[in-house]
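Letters A, B, C and D mark the chains as written, and numbering starts fresh at 1 in each.
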Amino acid sequence: MKKIINDPKNVVSEMVSGLVRAYPQYLQKIEGTEAMIRSNEASMIDKVGIISGGGSGHEPAHAGFVGPGMLSGAVAGQVFTSPTPDQIYEAIKAANHGKGVFCVVKNYSGDIMNFDMAKELAEIDDIEVKMVVVDDDIAVEDSLYTQGKRGVAGTIFMHKIVGAAADKGATLAEIDVLAQKVMPNIKTIAVALSGATVPEVGKPGFELADDEIEYGVGIHGEPGYRREKLKPSKELVQELLSKLKDAFDMKPNDKYAVLVNGMGATPLMEQYVFMNDTLDQLADENVEVAFTKVGNYMTSLEMAGISLTLFKIEDDEWLSYLNYAVDTIAW
Amino acid sequence: MLTIENTTKWFQLFSDKIIENKDYLSELDTPIGDGDHGNNMARGAKAIQELLKNQQFDTLSDLFKNVAMAFIKSVGGASGPLYGTAFIEMSKASKETSNPTELVATGLDGIKRRGASDVGAKTMIDVWTPVLEELKAGQLTIEKINADVEATKALVATKGRASYLGERSIGHIDPGSMSSGYLFETLLETGALE
Amino acid sequence: MKKIINDPKNVVSEMVSGLVRAYPQYLQKIEGTEAMIRSNEASMIDKVGIISGGGSGHEPAHAGFVGPGMLSGAVAGQVFTSPTPDQIYEAIKAANHGKGVFCVVKNYSGDIMNFDMAKELAEIDDIEVKMVVVDDDIAVEDSLYTQGKRGVAGTIFMHKIVGAAADKGATLAEIDVLAQKVMPNIKTIAVALSGATVPEVGKPGFELADDEIEYGVGIHGEPGYRREKLKPSKELVQELLSKLKDAFDMKPNDKYAVLVNGMGATPLMEQYVFMNDTLDQLADENVEVAFTKVGNYMTSLEMAGISLTLFKIEDDEWLSYLNYAVDTIAW
Amino acid sequence: MLTIENTTKWFQLFSDKIIENKDYLSELDTPIGDGDHGNNMARGAKAIQELLKNQQFDTLSDLFKNVAMAFIKSVGGASGPLYGTAFIEMSKASKETSNPTELVATGLDGIKRRGASDVGAKTMIDVWTPVLEELKAGQLTIEKINADVEATKALVATKGRASYLGERSIGHIDPGSMSSGYLFETLLETGALE
């Protein structure tokens, strides 16, 4: 394992410390936790609080999206491990300004259970809490009998949408309705070129040969659906897009927002090339691309690879929320 | 019957066992999960050790409650809330009873509720459930526990991270079932069941 | 070589195409070139134009810094290769709004010569052009008899300073004086954990063992000053900071801006930990840290590693320029 | 004497030579530079081939000028402006003379001015300079060119990327000197010097 860290046990607390010290204008640490709350308190007054969080290792998610117009706070768990309920609860308390708190949770048992427990704690304090469970990863089959799909890069679109709505004064109930309506319209799928190493584990979650890739890998190195030889960008796009097209039942004149997300170690150069191919192939489908974003937003430590997210814009208000001005470290 | 003394011993033995097997638990969690179960449980085990070293308890309920809180606050992931909820339910029930079988039963109910899950989903429930039956029959042994853990290999996961793999989860021991196996193995070792 | 690209020969043009298609609100491609100009034309009226550029492979530099308050345009050369004079000349023409154009050039023979030739071409058109040569990399010894130091991550501080000054209406001559005054106060040094592979070359510029690092590597994989075993973050910071302290002759109460820059493949988690250690050690020196920034700003393809830049704030106006509001893809 | 015909041939041979040795030139540029000299020169070579295939020239000056522009527009890096400036100077001078020695002399002056450099800095100037002497003496041979290129090994770089290495640049052939070696080797091959 080759990482610029000190003791692997302290990596999350040192990271959070570095983050809040580097960006005091955006983030304040909630003492005794690894949770962070927006520094600009005035921007939260009389508004629904928006909290997100999850395991660490996905930076800039989630703290990078804290700021006016987006998240009120973020809770950082251990690497790839949901944060604990007491810390989420502290973030909820700090984010509550009398209008309740909305939580964006990715669809993992651990995240859901810890957020649920925090919600129970907050409700004892009469803080109203609602949440949306993000499950955008179409690599996983969704069935009534399973946990369902994973939550991955599409989460940042959800952050943006609910953050903008909250900033514009929507109520907790309105935000909840909005989020549940938006969710089925966000879908993601990834391709990995290499695995990620959790500092405390010391070796990669999976390994690929020098010329091998894996489609459908999750952001914690969860296995995907197929391994094969590396292909040109155009063909990778073709594979991922074909899955997305099916999942959306894509039709001409559909309107989409597109996120090309780097998994960590993949340079922007490759991400821009991949975006270029994606836009070519979407143009062939005669769909309208109304919003685009490329970069490392929801990473998996030093995994190399890219995920492609499409967000079907069924309501132009959603587009205005995507374009709504925010002030954060990473959006 | 559980007492403050043997339950303290139980959590001591359990914590030691977890820390000893930390790497193994994470290894089990690698092919079908995210490789952190050992690290998660070890954080909880250390928190329990810390607690037991520094605090005295007046009642069994108090002991369970403090263990639950220490665990919940330090673990995270899926195992934190699951074990934490089990211990909280055991804390509540131990105001009325100190019968280990009854306490395990309430713990299991807590896990099922928290995990919105039941037997057959390849989770720790698949160890807690047969163990409860064996307790009821007064026949819990280390061999039976091991067999219960081993039996999770055959199951298809439908809850937790392993469920993303569907059929491909077959053939692997469920990590949470293994750590639950340690919980019951150390319960046996305390002699509280004799 | 494991990269998400198509034909290595087309990687720059496909990258530029992906970039301008993803971010039309920021960038327009100058037809027939790989140069990009700010889309918001109104924001350039009556102001000195600011152009930067150089080889590709350093993304988000330089196009990521184009936008109101920062660069007017950027020219993308082949990977790790200075752009050609005709393309730079086109960017200069597009950036000129009657007040002349200022170029930020890194200290490499190729960059300087190509920008010089472009300047000669522009002067034939009566466009006044001035430039600053950024040479912040203290890993290289500076002597009267050599080319001098390399230009690396500190370049983005220069972009920010001259961009803000131009936006506030400074004349070309004033910007030139400012830039020459600022330059000796920006110093950088890096540590690499792995090398980078130029797509057309197909193999890494250098290789390090699994437990080996190299201090002082340049952004094109130029050899550094020492190889040794990987060390904890604290000790890496100690090594780099000791060089910077000497170079600045650091004294208590000095005021600095700090940039922790990821080289490409190093996750933000590690960069935040490194920043945390840097701030600890600067606190020990009793210097004031007035500005901080962490992230991938001047990368070297998929190189793993971090560079540390200190910018000594000798004039509080410089600080106000660093904090001056901009609208770009990457600042 | 240089003519449109033999100079066209010269640039054809030079381009072929560069493309053949693209990888070798990049390899020379790896330990002391950034590994792109072969790719840079090959882009220029292809642009020259394209030009020669599609265009006729009325004068030697016109030929040199077009070659210079094709090279400058396609290469970038250090070698683009350096060779480009050399060819532009040769274009200017060829209005007055078609003597290869005189033309190489003006090219060398252009390189020195553009690179703000001189002999001894471990650059292509360290091949152009002795070659010019050998041309003047009417004694240019392939062996001499090779020896001139080889001699750059001993030098410490003080210009260009290799200069960042200081003393550590010793022992390596300068890549721009190697490509300049090809330029003069192919000049010999045209027979224009005979």
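What we mean here is this: a residue touches a chain if its C-beta (ideal position, glycine included) is under 8 Å from a C-beta of that chain, and two chains touch if they have at least 3 such contacts.
For each chain, UniProt lists the protein as follows: A, C = Dihydroxyacetone kinase subunit DhaK; B, D = phosphoenolpyruvate--glycerone phosphotransferase.
From a predicted model like this one, the values you see are computed outputs, not experimental measurements.
Separating the centre of subunit A from that of subunit B, both taken as means of CA atoms, is a distance of 31 Å. Centre to centre, using the average C-alpha position, subunit B and subunit C are separated by 53 Å. Residues of subunit C in contact with at least two other chains: 79. Shown here, the protein chains touch in a chain-like sequence that does not close on itself.
Contact between chains, per the stated criterion, is found for A-B, A-C, C-D. On the subunit C side of its complex with subunit D, the touching residues are 55, 77-86, 108-110, 113-114, 116-117, 140-141, 145-147, 149-150, 198, 200-201, 205, 218, 220-223. Taken in their complex, subunit D has these residues touching subunit C: 26, 30-31, 33-36, 39-40, 43, 72-82, 84-85, 114-115, 157-161, 163-166, 168. Across the interface of their complex, subunit C is touched by residues 2-7, 11, 14-19, 21-23, 56-57, 59-60, 64, 79, 191, 193-194, 210-211, 230, 232-234, 236, 260, 264-277, 279, 292-296, 299, 301-302, 304, 306 of subunit A.
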